[in-house]
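Okay, so chain A shows up in both of these, paired with chain B first and chain C after.
On to the complex of A and B.
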C-alpha cells in the first residue's frame, strides 16, 4: 500500500492531522487500532471549552462526530481495527489486523498514539473493583455500565474531579477523594464548587494503605493526616495518577526520547515542526506531551502542515505563515490555566534545535522573547 | 563494599563472565570482581534462545566440547539451584528426502566422539513430535539436547559467586586497561581497580575490550531476531531446530542471522519470515498470537568456534568469547578456573586459542 502520509492513531490529534492533510490534496492513510475513531474522546461527555478559534465549546462525544464527518474525502483511506506493530528494514511501518500484516509505503508518518493512565500501586490494587478513573469513565459513558455503587477516588487532579462529577451525576455515591499532598491539586473552580455543593469530603495528606475483599473490593484503609487509620466500605476505587505518552510506535521508529516530568515522563524529542529525530516521523497530541484538548487539536494541525510542506503540498512561505498563527494560538490556549506545559514544551523544542544547530524559525519569534528568555 | 585491589577482575557479567566468576569462586582462593557496564542480562545472554544444544555442532571436536558442557548441567543445578534445565532431546527436522544422506553422515561423525545421533524417518519423527508438519521427511535426533532458562542461569551463577565472596559492580563501564609491571590498572566510569589477572568476557563488545589491550579480537556481531508467542498449553516435547516451548508455555521462535553491528531493533521483514517458517514446521502455530519480539547480538568468532584462553602476548590477560555461550558456560567456567588456578586444563585448549587466527590476527601498533 502506497501513500503520501500515514497517520497512526485516530484520536483527536490524528483526526485533526487527517483533516488538515487531506484538505491540501495529500493521499492519507489513517490507522486506528480500535473499531471506531475518536480515541479517548469517545467517552468524554463533559463540555470542552478553551478550544481553537474554529471550534466552539462542545462535548467530547459530539466533537468526535464533528471531526469524523469531515473525513469523507476520496484521498483518505481509513483502516480501523488495524494496529501499527512494527517497521520494515526500509523504515516503512507495518500494520496488522490480526490476520494479515503488511507494509505501508508512506513518504511521511505522523504518530498520534495518545497517552495512557499511570497505574497506582498499593496492597490489593489488582482486586476487581480497583480501576483507573478513565476506565470508570469508559464503563459509564461508552459501555453504559455502572462501575460500582460506592466510589473512592484516589487523586485530586482535574481529571479525577471530572470523573467524580460524572459518577455522581449517574447516582453513584462518592465516599471521598483521597489526596496525598496537603492541597487539592485541581484549580478548576467549577469542579471544586461542584464537590463543595455536594458535600464530597476530601482526605488531604492521606494515603491509601490497603484494599481488601473476597474476590472484589469491599473495604479500604487509608492513613489520614493524623496518622490514623480509617476503614471505609466501598466497592469501587478509582485512581487518577496522571497520564504518560504511549511510546511503542516511536520506539519502533527509533525516535530519540527525552524525559520531562511536566509533559508526562518519557516522550519523543521534537522540533518546532513536531518532527522527531527520525526525519520521516512527526507526532501530535498527548504523545507530544500531556496537555488539554485545544492544544491536542492544534498540534495535529502543525504536524500535518509540516509534513505537507516537506512533501511540497504547500509552500514554505504559506506553511510558515500558518504555523506561526497556530503556534500563537497554541501559546494562548496552553498558557490559559498555567504556563508550565508550554514552558516545558518550548524547552524541549529549543533543545532539539540547539542540539542540531538549527535556528528556531522566525515564526516562533513572538514566543521566544517571553517564553524562552523572559 | 567495593575494594579496589583484586586477584581477578572479570569484565562482563553475561552467562560467560558470571559462570567463570562462579567456578573461580568455588575454591575461595581469589578475590574476584565482576564489572559490567549495564544491568544484569543487558547483553546477549538476556536475548537468546538458550538451548543447550549438542547434536548438530560440527566438526565433531566442537560437538564433543558441547557434549561435555551439556553433561555438566545436572551437576551444576545441584550446586547453584534450579535453572529450569530440561534435557528434552533435540530434533532437527528435514523436509527433503535428499537431506537424509547428510543426516546419516552427521550421525556417523558424531558417533566417533560418543555423541548419539539417531536419524529418524517420517513416522518416527511424527510419533515423537506429533505437532510437526506432516510434510516432514525425517529428522536427526539427540537425547542430550535441551534448554535452560537463561535468566535463572545467570542469576544463580551470580548469587552463588557472591556467596563465595565475589563482588559484582553493575552500571560501571570499563574504559581503559593498562598494564604496569605485573598489575592491570582498570579504569571504569566510576572507579580505578587494580588486578593481577583480567578476564575479558565482554560478549559482542569483546573487540572493544581487546583494543584496550592493543589486541584485535576477531569476532563479528550477528543479529538474531526471536518471536515469542502467548502461552500455549504444553504441546512441544522436544527442543526443535529453531523452536522451543518454555516452561510457562510461551514458544520462542528464531532462525535469523544478519550482520548489522550492535543494532538491536526487530524488523517486520524478519519477523514475518520467521513466523512463516515456524508455521511450515509446526502448522498449529498459525493460530498462536505473537506477543513479543526481541533481538540479540550473537558473539561470532570469525571462524565460528569459541575463543578461550590467554590473550597472546599479554600475560595474565584471558579471554572467553563465543557463540553458544549458554550451552558452553558450565564447561568454560570450569576450564578457565583450571587455567587460572593450575595453569593447565583437562581439555586441551590449543584449538581455542586466539593464536589460530595468526594470519588474521594482528597486533595493533601503538
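On to the complex of A and C.
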C-alpha cells in the first residue's frame, strides 16, 4: 500500500493532522487501532472551551462528529481495527488487523499515539471494581453501563473531579475523593464548587490502606490524616494518577526519547516542526507531551504542515507563515492551560535544535527559548 | 448495570442481541464491547490470573492493560474491552496459560 503520508492514531491529533494534510491534496492513510475514530473524545461529555479559533466550545462527543465529517475526501484511506506493530528494514511501517500484516509505503509518518493513564498501585489494586478514572468514563459515556453504584475516587486532579461530576450526574453515589497531599490538586473553580454543592467529601493527607472483596471490590480502608483507619463500603474505586505518552510506535521507529516530568514522563525528542530524531517521523497530540485538547488539535496541524512542506505540497514560505501563527495560538492556549507545559515543550524543542546546530525560527527567542509574541 | 437513558447523551443503542458467557445466554446492545456488555449483566470477574488465580476485570477499558482477556469464539486471550460483541458470540473466561504451537 503506497501513500504520501501515514498517520498512526485517529484521536483528535491524528484527525486534525489528517484534515490538514488532505486539504492540501496529499494522499493519506489513517491507521486506527480501535473500531471507531475519535480516541478519548468519544467519551468526553464535558464541554471543551479554549479551543483554537476555528473551533467553538463543544463536548468531545460532538467534536468527534465535526472532525470526522471533514474526512470525507477521496485522498484519505481510513484503516480502522488496524495496529502498527513494526517497521520493515526500509523504514516503512507494518500494520495488522489480526488476520493479515502488510507494509505501508509512506513517504512520511505522523505518529499521534496519544496517552495512557498511569496505574495506581496499592494492596488489592487488581481486584475487579478497581479501574482508572478514564475506564469509568468510557463505560459511562460510550458504553452506557454503570461501572458501579458507590464510587471512591483516588486522586484530586481536574480529570478526577470531571469524572466524579459525570458519575454523579449519572446517579452514582460518590463516597469521597481521596488525596495523598494536603491540598486538592485541581484548581478548576467550577469543578470544586460542584463537589461542594453536592457535599462530596475530600479525605486529604490520606492514602489507601487496602481494598478487599470476594471476586470484586466490597470494602476499602483509608488511612486518614490523623493516622486513623476509615473503612468504607464501595463497589467501585477509580484512580486518577495522570497520563503518560504512548511510546511503542516511536520505539519501533528508533526515535530518541527524553524525560520531562511536566510533559508526562518519557516522550520523543522533537523540533519546532514536530519532527522526531527519525526524519521520516513527525508526532502530534499527547504523545508530544500531555496537554489540553486545544493544544492537541494545534500540534496535529503543525506536524501535518511540516510533513506537507517536506513533500512539497506547500512552499517553505507559506508553511513557515502558517506555522508561526499556529505556534502563537499554541502558546496562548497552552499557557492558559498550564504555563509550565509550554515552557517544558519549548525547552525540549530548544534542546533538539541546539544539539543539531539547527536555527530556531524567528518567533522563538534563541537565548531564552521563550516565545517572542506581543 | 445497563443505563437506559444517559442524562446528557440520551439514547444511543437500539439493537438488542444475545451472546453467551460461560454457556449462559446474556443480552447486550449492538455497538457495545464484550467487557462492557458483561459488566452491564453484572459480571465483574471476567477471569482469573494465571499464576495466583486472582480475579481480573476491566481496568483501563482502552485495550492496553490486558486485564480483561477472554476467550472469544474459540480464540484465547482476546482483549475484550476493544472487541465489539456480536449476535451469537461465544465468550468464556480464561483459565491458565494460552495454548501454544499447533
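The definition used in the following text is that the second predicted complex is superposed on the first by the 361 of 374 C-alpha atoms of A that agree within 3 Å, B and C clash if a C-alpha of one lies under 4 Å from a C-alpha of the other, contacts with A are read in each partner's own complex, and residues count from 1 in each chain.
Everything below uses one rule, namely that a contact is a pair of C-beta atoms (placed from the backbone, for glycine too) under 8 Å apart; a residue touches a chain by one contact, two chains touch by 3 or more.
From a predicted model like this one, the values you see are computed outputs, not experimental measurements.
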Who does A:103 touch here: chain B (first), chain C (second), both, or neither?
-> first
Check whether A:254 is in contact with chain B, with chain C, with both or with neither, and answer first, second, both or neither.
-> first
Touched partner set for A:88, first chain B, second chain C, both or neither | first
Is it chain B or chain C that touches the larger share of residues in chain A?
-> C
Is A:128 touching the first partner chain B, the second partner chain C, both, or neither of them?
-> second
Partner chain in contact with A:35 - chain B first, chain C second, else both or neither = second
Hey, what residues of chain A end up touching chain B and chain C alike?
-> none
Listed in rising order, chain B residues that touch chain A in their complex are 265-269, 271-272, 293
Touching chain A in the complex, chain C uses residues 1-3, 6-9, 12-13, 29, 32-33, 36-37, 39-40, 44-46, 49, 54-65, 67, 82, 84
Note which residues of chain A are touching chain B in the complex, please.
-> 85-89, 94, 101, 103, 254
Quick one: which bits of chain A touch chain C in the complex? Just the residue numbers, please.
-> 33-35, 45, 59, 61, 116-117, 119, 126-132, 134-135, 138-147, 149, 169-171, 215-216, 246
